[in-house]
Amino acid sequence: MQIDPVVLFFLLGLGAGLARSDLKLPSALYETLSVFLLLAIGIKGGLELAKQPFLAILPQALLVLLMGFLIPLLIYPLLRWRLPQVDAASIAAHYGSVSVVTYAVGVAYLVRQGVSHESQTTLFLVLLEMPALVVGVVLARLGRSGETSSAAHGWGKLLHEVLLGKSMVLLLGGLAIGALAGPDGIKPLDKLYLDLFKPVLTLFLLEMGLVVAGKFGILRREGLFLAAVGIILPLLLSWVGIGFGLMMGLSTGGVTILGILAASASYIAAPAAMRMAVPQANPALSLGAALGITFPFNLLVGIPLYHRFAAFVTGA
Amino acid sequence: MIFHTRTLLTIVTEAALENDLVELFHARKLRGWTIVEARGKGDHGEQHGSFDANHNIQIELIADSAAAEQLAETIQQKFGGDFALVQWLSDVRVLRAEKF
Amino acid sequence: MQIDPVVLFFLLGLGAGLARSDLKLPSALYETLSVFLLLAIGIKGGLELAKQPFLAILPQALLVLLMGFLIPLLIYPLLRWRLPQVDAASIAAHYGSVSVVTYAVGVAYLVRQGVSHESQTTLFLVLLEMPALVVGVVLARLGRSGETSSAAHGWGKLLHEVLLGKSMVLLLGGLAIGALAGPDGIKPLDKLYLDLFKPVLTLFLLEMGLVVAGKFGILRREGLFLAAVGIILPLLLSWVGIGFGLMMGLSTGGVTILGILAASASYIAAPAAMRMAVPQANPALSLGAALGITFPFNLLVGIPLYHRFAAFVTGA
Amino acid sequence: MIFHTRTLLTIVTEAALENDLVELFHARKLRGWTIVEARGKGDHGEQHGSFDANHNIQIELIADSAAAEQLAETIQQKFGGDFALVQWLSDVRVLRAEKF
Amino acid sequence: MIFHTRTLLTIVTEAALENDLVELFHARKLRGWTIVEARGKGDHGEQHGSFDANHNIQIELIADSAAAEQLAETIQQKFGGDFALVQWLSDVRVLRAEKF
Amino acid sequence: MQIDPVVLFFLLGLGAGLARSDLKLPSALYETLSVFLLLAIGIKGGLELAKQPFLAILPQALLVLLMGFLIPLLIYPLLRWRLPQVDAASIAAHYGSVSVVTYAVGVAYLVRQGVSHESQTTLFLVLLEMPALVVGVVLARLGRSGETSSAAHGWGKLLHEVLLGKSMVLLLGGLAIGALAGPDGIKPLDKLYLDLFKPVLTLFLLEMGLVVAGKFGILRREGLFLAAVGIILPLLLSWVGIGFGLMMGLSTGGVTILGILAASASYIAAPAAMRMAVPQANPALSLGAALGITFPFNLLVGIPLYHRFAAFVTGA
């Protein structure tokens, strides 16, 4: 089985970073690429909404939302076993939310394998971005109302920050634009948002490789525990996603995507939201696990694995 | 022209705090400040600046000595516990005393 | 009537900005996009020059230049009614010059409506960039030679800055490249300068939405007066453009474009030039009106309106 | 090594003034300065830095005390009226006295 | 709260030296510093910042006075001969003495 | 003969810079473009490797490597005639290494002229990047072990920096990705790495024009000597390249490319490597010659000239 070239770019970045090359991408490029990817994914989701009657996918959408609220509640007690409340809540939020890039690499993988999947999965991705963040904030604050640091924000402000975080605005904004403009309206934009999506993803992955390499310092310090969290959680969560996918009656491809979404951890929206909502949590821990371990694990091992799982349970 | 002595407060902290700090300045009726993008290393680890959640800002704010000291103390109390934060004060001379 | 998706991106940026989302595009992206748009428009104009005999469009070109000199002279006395000399001159320069993005959105609108227009309008855009800036500087300085601030530049330096401002260099440079290389020479570059023009415009409009949202503070302060200037001037000027379009014997589409060009206000070249030439003028005022009011007004209301005007007078 | 006392002039102003200021430095035979991109807020409103005409620079220039003070005064007179501008002076110690 | 006096060392030099300087800081067990991108002019010509090999950084580092002076001297000796380099020291007041 | 539009962009940047226009591209764009060009060239080379049996081009590859080691040894004694050891060694390294952009413009030139060339030249480019840097460092350090400045790095560290410099990592990384993924794997990325290569080159050349204009200060100071070095060296070296091209049995086009590669001087990898390896050398001198003289000379005069030379000796 051949490795997807998209993943090769990640490995190149990772290798360059670990070898301490002076390769560095400008931060403006990183920001630009992430704006582009979020918008493009949103637009794709919006085109789906424009294509099929909304009521037809409403049951599936509700199930996906349920999953988004459930996952952090599920893993929080597990994490509490070893971690303080704030850190457990923050990590739960990261893993309950999703990684747009992992999703995109997963889709590219399925396309290469010739496995079709339901087009509404883009919509699922958008729906999964936020619920876990809300749950994470609630978990972090439960029963500590008196004790919260004076730096922490009030609830109104927090909700504002979670709902209007960059990722959410771009995903939902893209969704709205795609739905309003429809395939014909978006056509003149295809040369950028469609055709260049995958190639641009390669540049983003190159940068992610460099960033992940920079996280190895934390990994060395936090050692085994972080590695365990970063590998066990996605393996576990992939089955939650696969379960929901089966419940929703999706194809093998669709079930795989649900598994990938559940197993992926957010490293754009969640860190920003948690930093403001739960400043007592150690950001190195959550980002170290989500970005330093789970992200590369899913890219290199997880995606094909979840596909096998899904093929197994759907009997494909 | 005459130069007047004022105090310059320099704050280096996480970019995520910018909005909160600016609100604080407004609440204190401070009239001006300057912000520069930065990165660095401290007890909270390295801030590379390559990544959204990993990026410092450096704020410079000139005020009279009492206001600058009080501001530094408030910021330290409010944010010093949970955020990467370093502040320092120094004496500077300015031209238009009424501005600061 | 459906809204152009390009405009939806502007609304997304505007909404995100007004809702105080943390969405922010890196300034390097903004600069890159504006370099790209100016170059691409210039090249398109140059290709037109290469296609048709220059002498054939000379009379039209001269009329357009005349309009560029005329507009600031026309609105200056109106503005003087309420504003000091320097501010009136600066605003006159902003509205006499043109907005490249408004032009591009206007062209996209006509294409969507299936209305054709003369291809030399790109050239007109380039020609309109500068004359008003020169007039604005002269107006600001008339009869105050003794009084000018020591910061103001001498005439030679000023001319240099107006002529060699970034916008002018990129527009004229693109024009020269397009004219020298011709359609065959430019063909290998089409994939960027032609195919990606409209999609890139969407990113630029997203940023413009954010910027305009940031200008609402000024709007609140300067209130009604700014709003009046920002809406009345383009309505008025659109008719000047339409009149010139009729004189030049253009089609309905061409007349519409002339109306759009006249009604649009510069927010790249003019602010930079006026800041150096007339530092006493308040830049918040001119930019507030041109960018905060007129730009969104033209995008959302003006363009279709001027098209109706043009259709009415050409009897289409 | 011996440290020598000099004066550091810090200028925060609109990016549009960069060329004019650099010309002024050359005219005064000043040998060096450092420029950093900045944004900020002052009496002329906010300078976001997101937009061409809305962007500050911060210039640091070390010179002997007289030269620095005179420079600050000239800049204040020439540009202080029409441009967003804040300057401050502080005492610093440098290693190579002959450089400044 | 009490403010403690420390010394701020500011280093302006070529971006190419960043790794070497950071290594030096680590070797001296210095716990923190702040880096800002800069450009400028000096005896080694202009550093535009537009181009890889033509770009400055400005490092600020607070330490006790002896450590800061020694660091400045070492840097001057090691890099002052071949690289564009300017350094200055100034007195600042900080809140948490134990941090610096 | 018509000038390639790609070169027109260089002239636009040069003109704008010399006329002191305020046109400036953000440095993040420059960095992004150079990352892109290096990666794209590397990938192209890798696709070649995937296509033809490696053993078949091994002899040619070895000859090219030999040339890379030879050139600096050849010109070092010439430069020593007037320059101190460190500067002679640094300039020798710059001219022994290659300019990726000059290569790309040369290929574009041949395509326009309808002259075919062997596809493995991309590989040659990659191979030529580094050997001269190693030789340059050795030359600079020969017989001065005791005397070296304390800032100079040890050998191990130096090798690390030369081998893992950004250009090398991107070129070799691209090569590996291209070779591993093969034409089918790279196909979905073609819309970026292939189709946009030439148009993106135009933006890069615009920036290079501006940069070269900024180097004219040095040229004025160092005057005739720098000009002589910057013109005589490429003329001389082009013949070395042509000689090797003949030895390797290449076509006229291939011989031309070898001439161009030999005549071009590095301004990305070499300056970075030499600054760390030989800090005593004056970077203004080497960069002034390589970028300020040789780069424009090759673009405007050299490339067509070396083609004539090659046509002459191959009897085409």
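First chain written, first letter: the chains are A, B, C, D, E and F, and each begins at residue 1.
Criterion: a residue touches a chain if its C-beta (ideal position, glycine included) is under 8 Å from a C-beta of that chain, and two chains touch if they have at least 3 such contacts.
Every value quoted in this text rests on a predicted model; they were computed, and no experiment measured them.
By the touch rule set out at the top, what is the minimum number of steps from chain C to chain E?
Between chain C and chain E, the shortest chain-hopping route counts 2.
By the touch criterion stated at the start, how many steps lie between chain B and chain E on the shortest route?
The least step count works out to 1.
Higher C-beta contact count, A-C or A-B?
Taking the two pairs in turn, the one with more contacts turns out to be A-C.
On a CA-centroid basis, which chain has its centre farthest from chain C's?
Looking at centroid distances, E is the chain farthest away.
Degrees of rotation, nearest 5, to put the Cα trace of chain D on chain E?
Between chain D and chain E, the superposition angle is 120 degrees.
Could you tell me the distance, in whole angstrom, between the mean C-alpha positions of chain B and chain C?
That gives a centre separation of 39 Å.
Could you put a whole-Å number on the gap between the CA centroids of chain E and chain F?
34
Per the centroid of Cα atoms for each chain, what is the distance between chain B and chain F, given in Å?
46
Can you list the residues of chain D that touch 2 or more other chains?
Answer for chain D, listing residues that touch two or more other chains: 36-37, 90.
Mark out which residues of chain F touch at least two other chains, giving numbers and ranges.
In chain F, 22, 24-28, 31, 272 touch at least two other chains.
Can you work out from the touch definition every pair of chains that touches here?
Once each pair is checked, the touching ones are A-B, A-C, A-F, B-D, B-E, C-D, C-F, D-E, E-F.
Could you please specify the touching residues of chain D with respect to chain E in the complex?
Residue list for chain D touching chain E: 1, 3, 6, 8, 22, 25, 31-37, 60, 62, 90-96, 99.
Considering the complex alone, what residue numbers of chain F touch chain A?
Residues in contact with chain A: 26-28, 31-32, 35-36, 39, 160-161, 164-166, 169-170, 173, 176-177, 180-181, 185-186, 188-193, 272.
For chain A, which residues count as touching chain F in their complex?
Residues of chain A touching chain F: 2-5, 8-9, 12, 15-16, 19-29, 108, 195-196, 198-200, 202-203, 206.
Applying the document's contact rule, which stretches of chain D touch chain C when the two form their complex?
For this pair, the touching residues of chain D are 14, 16, 20, 45-46, 48-53, 55, 77-79, 81-83.
Which residues of chain F touch chain E in their complex?
Listed in rising order, the residues are 24-25, 27, 30-31, 34, 149-151, 207, 210-211, 214, 217-218, 268, 271-272, 275-276, 279-280, 283-284, 287.
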